[in-house]
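These notes open a run of structures that come right after.
Shared chain: chain A. Partners: chain B in the first complex, chain C in the second.
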Partner chain A sequence: MNNYQLGLIMNSCISVIGVTGVFIITSLAGMFSLGQAAYMAISAYITFVVAKMFGIPLILTAILGLAVSGLCAYIIAVPTLKLRKDYFALITMGFGEMMASIIVMLDKYTNGSIGFSRIPKVKNVFWIVVGLTVFVLFFAWALKRSRFGRMCIALKTDETAAKSFGVDTYRMKITVYVIGSVICGLAGILYGLKNRVITPDGFSWNLSAEMQIFLFFGGTNSLTGSALSAFFLKLIPETLRTVRIFGISLQEFRTVSYGLMILLVINFRPNGILGTKEFTWKGLVAFFRRLFAKKEAKK
Partner chain B sequence: MTSSGLSSHQHKINMWLQLLINGICLGAVYALIAVGFAIVFSVLKFSNFAHGGMISACAFMGYFFQARFKTAPPIWVTIIVTALCGVVFALFLDMIAYKSIRKHKSPNIYYFLASLTISIIITSILNVFFSKNPLAFPMIFKTTTFSVGSLKVSKMDTMILVISVVILVALMFLINKTKIGLAMRAVAINPDTSKLMGINSSLILVMIFSIAGSLAGVSGVLLGCKYGVYPDLGQTMMVKGFIASVIGGLGSLGGAIAAAFLLGIIEMFWTFLFGSLSTPVMTFVVMLLFLFVRPQGISGKFAKEKV
Partner chain C sequence: MSANDSILSCNNLCMYFGGVKAVDAFSMDVKEGVTYGIIGPNGAGKTTIYNVFTRIYAQTSGTISFCGQCIDSKDQVAVARMGMSRTFQNIRLFSGLSVLDNVKVALDYSGKYTIAEAILHLPRRQKAEKEIAQKAMDTLKLLKLDQYAYHSATSLPYGIQRRVEIARALVSQPKVLLLDEPAAGLNPEEVLQLVDFLKEIKSLYPKLALLVIEHRMDLVMNLCDYLYVQNFGRTIAQGVPAEIQTNPVVLSAYLGEEE
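Up next is the complex of A and B:
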C-alpha cells in the first residue's frame, strides 16, 4: 500500500477512536454532547505546543494533554449534569465555540487560525494509530460489558429507576463524560501526529456533529456498528473524490450526504443500521448458517 | 467626535450611553433568535438546532427575493415574504424529519439528532454553492446614522430594534392573551391531557413550527442586512440565542427575551473594553456562572424532567 492509502486508513482509524469516545458518552449514559471536537483540540494543542516550547518528549506532553482535557470535562460536567439533559447539549456546544476562540486568542503560542504546524515527525505513526484504535475499541467493549457499563445502560434506559436501585447517577455521568472526553482527546493527538498540522477550523462544531452522525448511523447501542460506520463513512467519500456531479466534486457533498443518510435512518430505521445488535463472529456464523439453512429448505 | 466644549466627564458618559444603545439593539436581534428557539423548546421539549440553519437559509431567500427586482422593494415586503418562506420551510422540515419521530414516539435524543442533521445539511448545501463570496443586501438608508443630542444612532440598528420589539410584543400578546395562546400553553404543559380537553394538539404543533419558521425568516433578513449574507450566519448567531435562552431558563419566552437584552448589553461593553476575540469566552463563562448561581434561569420556572 502506498502512503496515500495508509493515510486514508489512519484517518478512518482516528475517526473510529473519536466516535468510540462519543459512543461511551451517548450510548452508555445517554448524554448528547456536541463539544467533543473541543477535547480533541485541547489535547492536540497542549501536546504539541508544550512539547515545542519546552522540548519535552511527546509521550509526556500527550499524557498532560489527556489529563487537561479530562479536567476540562470534569469542570464542565459538575454544574451541567445537575440540570436536565437539554442543557448538556447546549453547554457542550458553547464550550466547543469557546475553545475555538481561545485557540485563536492565544495566537502567540498556537499560531492562531493559520494553524500550528511545528509538529515533529514520529516513526511508525501508522502502527501507533492502528494499535491505539484496537486498544480503545477493546477498552470500550470491556467497559460496556463491565458492571459499570451495565449500570450506565440502566441509567440511560430509566434514570429514576436506576436511582431508586441505588446507582449514583450524577457521579456516574461525570465519570463517563470524563472517560469519553479523554478518548476524544486521544483522537485529537493522533490527528495531529498524522496530519502534522492542527488548525482551530479542523476542530469545529462540524466535527463534533459529524461524530454524532457516524454514531447514530451505525446504531446507537451497537459499538461495532458505530465503529464500522465511523470507519467506512470516513473512508468512502475520500475514495469517491474524483467523481463529479454538476462539475462539483462529490467530496464537497460529503456532509450533505451524511445528513441525508441520517434522515433516512430516522424515518425508516430509527435505531440505526445495526440497532442494538453487536457485530460478532458468532453472530456472523449464525447468520450464514441461517442463510444456508433457508436455501436448503427451499430446495 | 464630540465637540471640544464638552468636558471629558461628559464625553465618557456619552460613550457609555452610546454603548448601551448599541447593546440594546444587539440584544433585540438575540431576542428574536432566542424566542424562536425557546418557543419550540417550550412545547416540544427539545433544542431546535435547526433554527440556525433556517436563519441562514431565510437570509439567502430574502437576498434572492430582493435581487430579483431592479429597484429593490421596500424592506418590509422582503421581511414578510421571507417570513412566509420560513413558515413553508419549517413545515417542510417538520414533515421530513420530526413527524416520524413523533409517530415512533422515539426518545428525545432523536429530536436532537434530527435538528442537528438538518442544520448541517442546510449549512453545507449553502457552503457548496455560496461559500466563495459573501453577499450583501442593498443599502436601505442613504445616511447610516442620525444623531440624538450628541449621540449617534445607527438607522439600521434602530430599524432592527423597532421591528424586533413589535414582533416580540405581538408574539407575547398572541401567547398570553388569546385563545390560541392558551391552547399552546396547555399543550406545552401536557399534550395528552390537552387533547382530552378538546385541543387539537397536532394543529398546535404545526402552528408552533410556523411561528418559529417566521421568526427565523425575520431574523434572517435582519441579520443579513446587518452582517451580510453568508452560509454560517445563522450558526454563529444561533449560539448566542441558545445562551440567552439558557440564561433565561429553557423554554421560558419572557426569560429568554430579558436574557437576550442583557447578553447584548454585556457583550457590547465587553467588546469595547477587552476586544471582540474574547467575547465567546465571556458569554460562555457568564452562562456557566449563571447556571452555578441560578440554575432555574431568570424566569425562575424550572423545567423539570418528567418521569
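Up next is the complex of A and C:
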C-alpha cells in the first residue's frame, strides 16, 4: 500500500477512536455531548506546543495533554451534569466553540488560525495509530460488559430507577464523561501526529457533529456498529474524491450526503443500522444461515 | 412487639406540593417480617409516601428513621444502599438490558472491582462478575424466573415483567421492600398468581418487611397483616384487615356515604 492509502486508513482509525469516546459518553451513559472535538484540540495542542516549547519528549507531553483533557472534562461535568440533558448538550457545544476561540487568541503559542505545524515526525505512526485503535476498542468493549457498563445503560434508560438500586448516577456520569473525553483527546493527538499540522478549524463543531452522526448511523447502542460506521463513513468520501458529477467532485457533497443519510436512518432505522446489537462472527453466520434458509423455503 | 425491632418508622410525615397536602401527618411503624398494606383511593398520597421514604422527595416536615438512623438528610442512593428497595407503579425495567442484567444492576454498586480493572479486563473483574452473575441467577431461580434470564426484559408479558421487577428489588437482600401497586395492569388470573408469588416471597424471606400499596381489597386482605387507609393525604383508619373491612369510615371513603 502506498502512503496515501495508509493515510486514509489512519484517518479512519482516528475517527474510530474519536467515535468510541463519544460512544462511551452518548451511547452508554446517554449524555448528548456536542463538543467532543474540543478535547481533541486540547490534547493535541498541549502535546505538541508544550513539546516544542520545552523540548520534552512527545510521550510525556501526550500524557500531560490527556490529563488536561480529563481535567477539563471534569470541570465541565461537575456543574453541568446537575442540569437537564438538553442544557448539557448546549454547554458542551458552547465549550467546543470556546476552545476554538481560545486557540486563536493564544496565537503567540498556537500560531492562531494559521495552524501549528512544528510537529516532529514520528516513526511507525501507522502502527501506533492502528495499535491504539485496537486498544481503545478493547477498553470500550470491556467497559460496556462490566458492572459500570450495565449501570450506565440503566441510568440512561431510567435515572430515578437506577438511583433506587444504589447507582450513584451523578458520579457515574462524571467518570464516564472524563473517560470518553480522554479517549477523544487521544484521537486528537493521533490526528496531529498523522497530519503534522493542527488548526483550530480542524477541531470545530463540524467534527463534533460528524462524530455524533457516525455514532447514530452505526447504532445507538452498538460499539461495533458505531466503530464500523466511523471507519467506513470516513473512508468512503475520500475514495470518492476523484469521482465527478457535472464537474464537481463528489466529496463536495459530503455534508449534504451526511444530512441525507441521517434523515434516512432516522426514518427507517431509528436506532441506527445495528441498533443495540453487537456485530459478531457468530451473529453474521447465523444471519446468512437464516437468509439462505429463507431462499430455500421460497424454492 | 416492642419499639426496638422496628426497621422503618416515620412520625408526623408531611409532604406538601404548594397548597396540595399530598401526605399530611402520616405516622407508621414497620417491623421485620410483617406485611403492611397502604390502601386508599387515587390521589390519596400513597405513592408520595414511598417517594418520601426512598428520598425521591424531601418531606416538608416530620422525621423518618430507617435501621435506627435518621434518614431525613440522606439521598436516594444512600437509602437504597442501606437496604430499602422498591418497585414502581408503571414497570420501570431497564429496556436496553436482559432480564439477568436488569437483576445484576441492583448488585452492581457493591461490585468488588474498580473502573480501571473493568477497562483492562483484569482477573478480579472476572471473579467479581461471576459472583454477581451467580447471585442474580440464584435469585431468579428461587423466584422461578430463570427461564427468562436471557430474554430482553421489556419484551416479556406484563405479569412476568412485574415479577422480574420484584426479583430485581429482592436480589440485594433488602430489609424493606416497597411494592407500588403490584397488581396494576394485571388481569384477574395474573393477580391470583401474583398473590401466590408474594406469599412465596414472604416464606422465602421471613425477615423482610413488605409494604404494599394497593387498590384491590381482595389482594390486600389476603396478603397483609396490618393496614393503613389513606384518604386525601390523611390516615383515616389503621388496623388488622378484619377490622378495616368493617370500619364505617373506610367504607364511606370507598363506597360513598349512605344517605
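Throughout what follows, the second predicted complex is superposed on the first by the 291 of 299 C-alpha atoms of A that agree within 3 Å, B and C clash if a C-alpha of one lies under 4 Å from a C-alpha of the other, contacts with A are read in each partner's own complex, and residues count from 1 in each chain.
The rule is short, and it goes like this: a residue touches a chain if its C-beta (ideal position, glycine included) is under 8 Å from a C-beta of that chain, and two chains touch if they have at least 3 such contacts.
Since the structure is predicted, the reported quantities are computational estimates derived from the model, not experimental observations.
Trainee: Looking at the superposed three-chain arrangement on chain A, would you call chain B and chain C a clash or a fit?
Mentor: Taken together on chain A, chain C would fit alongside chain B, as the superposition shows.
Trainee: Quick check for you: in the superposed arrangement, does A:T160 touch first (chain B), second (chain C), both or neither?
Mentor: Touch partners of A:T160: chain B and chain C.
Trainee: Applying the touch criterion given at the start, work out whether A:S146 contacts chain B, chain C, both or neither, answering first, second, both or neither.
Mentor: Only chain C; A:S146 stays clear of chain B.
Trainee: Any idea whether chain B or chain C touches more of chain A?
Mentor: The partner making contact with more of chain A's residues is B.
Trainee: Using the superposition on chain A described above, determine whether A:V134 touches chain B (first), chain C (second), both, or neither.
Mentor: neither
Trainee: What is the contact status of A:T255 with respect to chain B (first) and chain C (second): first, second, both, or neither?
Mentor: A:T255: touches chain B, not chain C.
Trainee: Which partner chains sit in contact with A:T175 here, chain B, chain C, both or neither? Use first/second/both/neither.
Mentor: A:T175 sits against chain C, while chain B stays out of touch.
Trainee: So in the superposed three-chain picture, is A:V285 touching just chain B, just chain C, both, or none of them (first/second/both/neither)?
Mentor: neither
Trainee: Once the structures are superposed on A, label A:N221 by its partner contacts, choosing first (chain B), second (chain C), both or neither.
Mentor: In the superposition, A:N221 touches chain C alone.
Trainee: How many Å separate the nearest C-alpha atoms of chain B and chain C in the overlaid structures?
Mentor: 10
Trainee: Residues of chain A that sit at the chain B interface in one complex and at the chain C interface in the other, please.
Mentor: Looking at chain A, the two contact sets intersect at 160.
Trainee: Please name which positions on chain C make contact with chain A in the complex.
Mentor: My answer: residues 54, 56, 76-77, 80-81, 85-86, 88, 92, 94-97, 101-102, 104-111, 113, 115, 118-121, 125, 128-129, 132, 168-169, 172.
Trainee: Quick one: which bits of chain B touch chain A in the complex? Just the residue numbers, please.
Mentor: 41, 45-47, 96-97, 100-101, 104, 106, 108-110, 112-114, 116-118, 120-121, 124-125, 128, 235, 239, 242-243, 246, 250, 277-281, 283-284, 287-288, 291-292, 295, 303-305, 307
Trainee: Enumerate the contact residues on chain A facing chain B in the complex.
Mentor: The contact residues of chain A facing chain B are 26, 30, 32, 34, 76, 79-80, 82-87, 89-91, 93-95, 97-98, 100-102, 104-105, 160, 205-206, 209, 212-213, 216, 220, 248, 252-253, 255-256, 258-260, 262-263, 266-267, 270.
Trainee: In the complex of these two chains, what residues of chain A are touching chain C?
Mentor: Touch residues, chain A against chain C: 138-139, 142-143, 146-151, 153-154, 156-158, 160-169, 175, 179, 221, 276.
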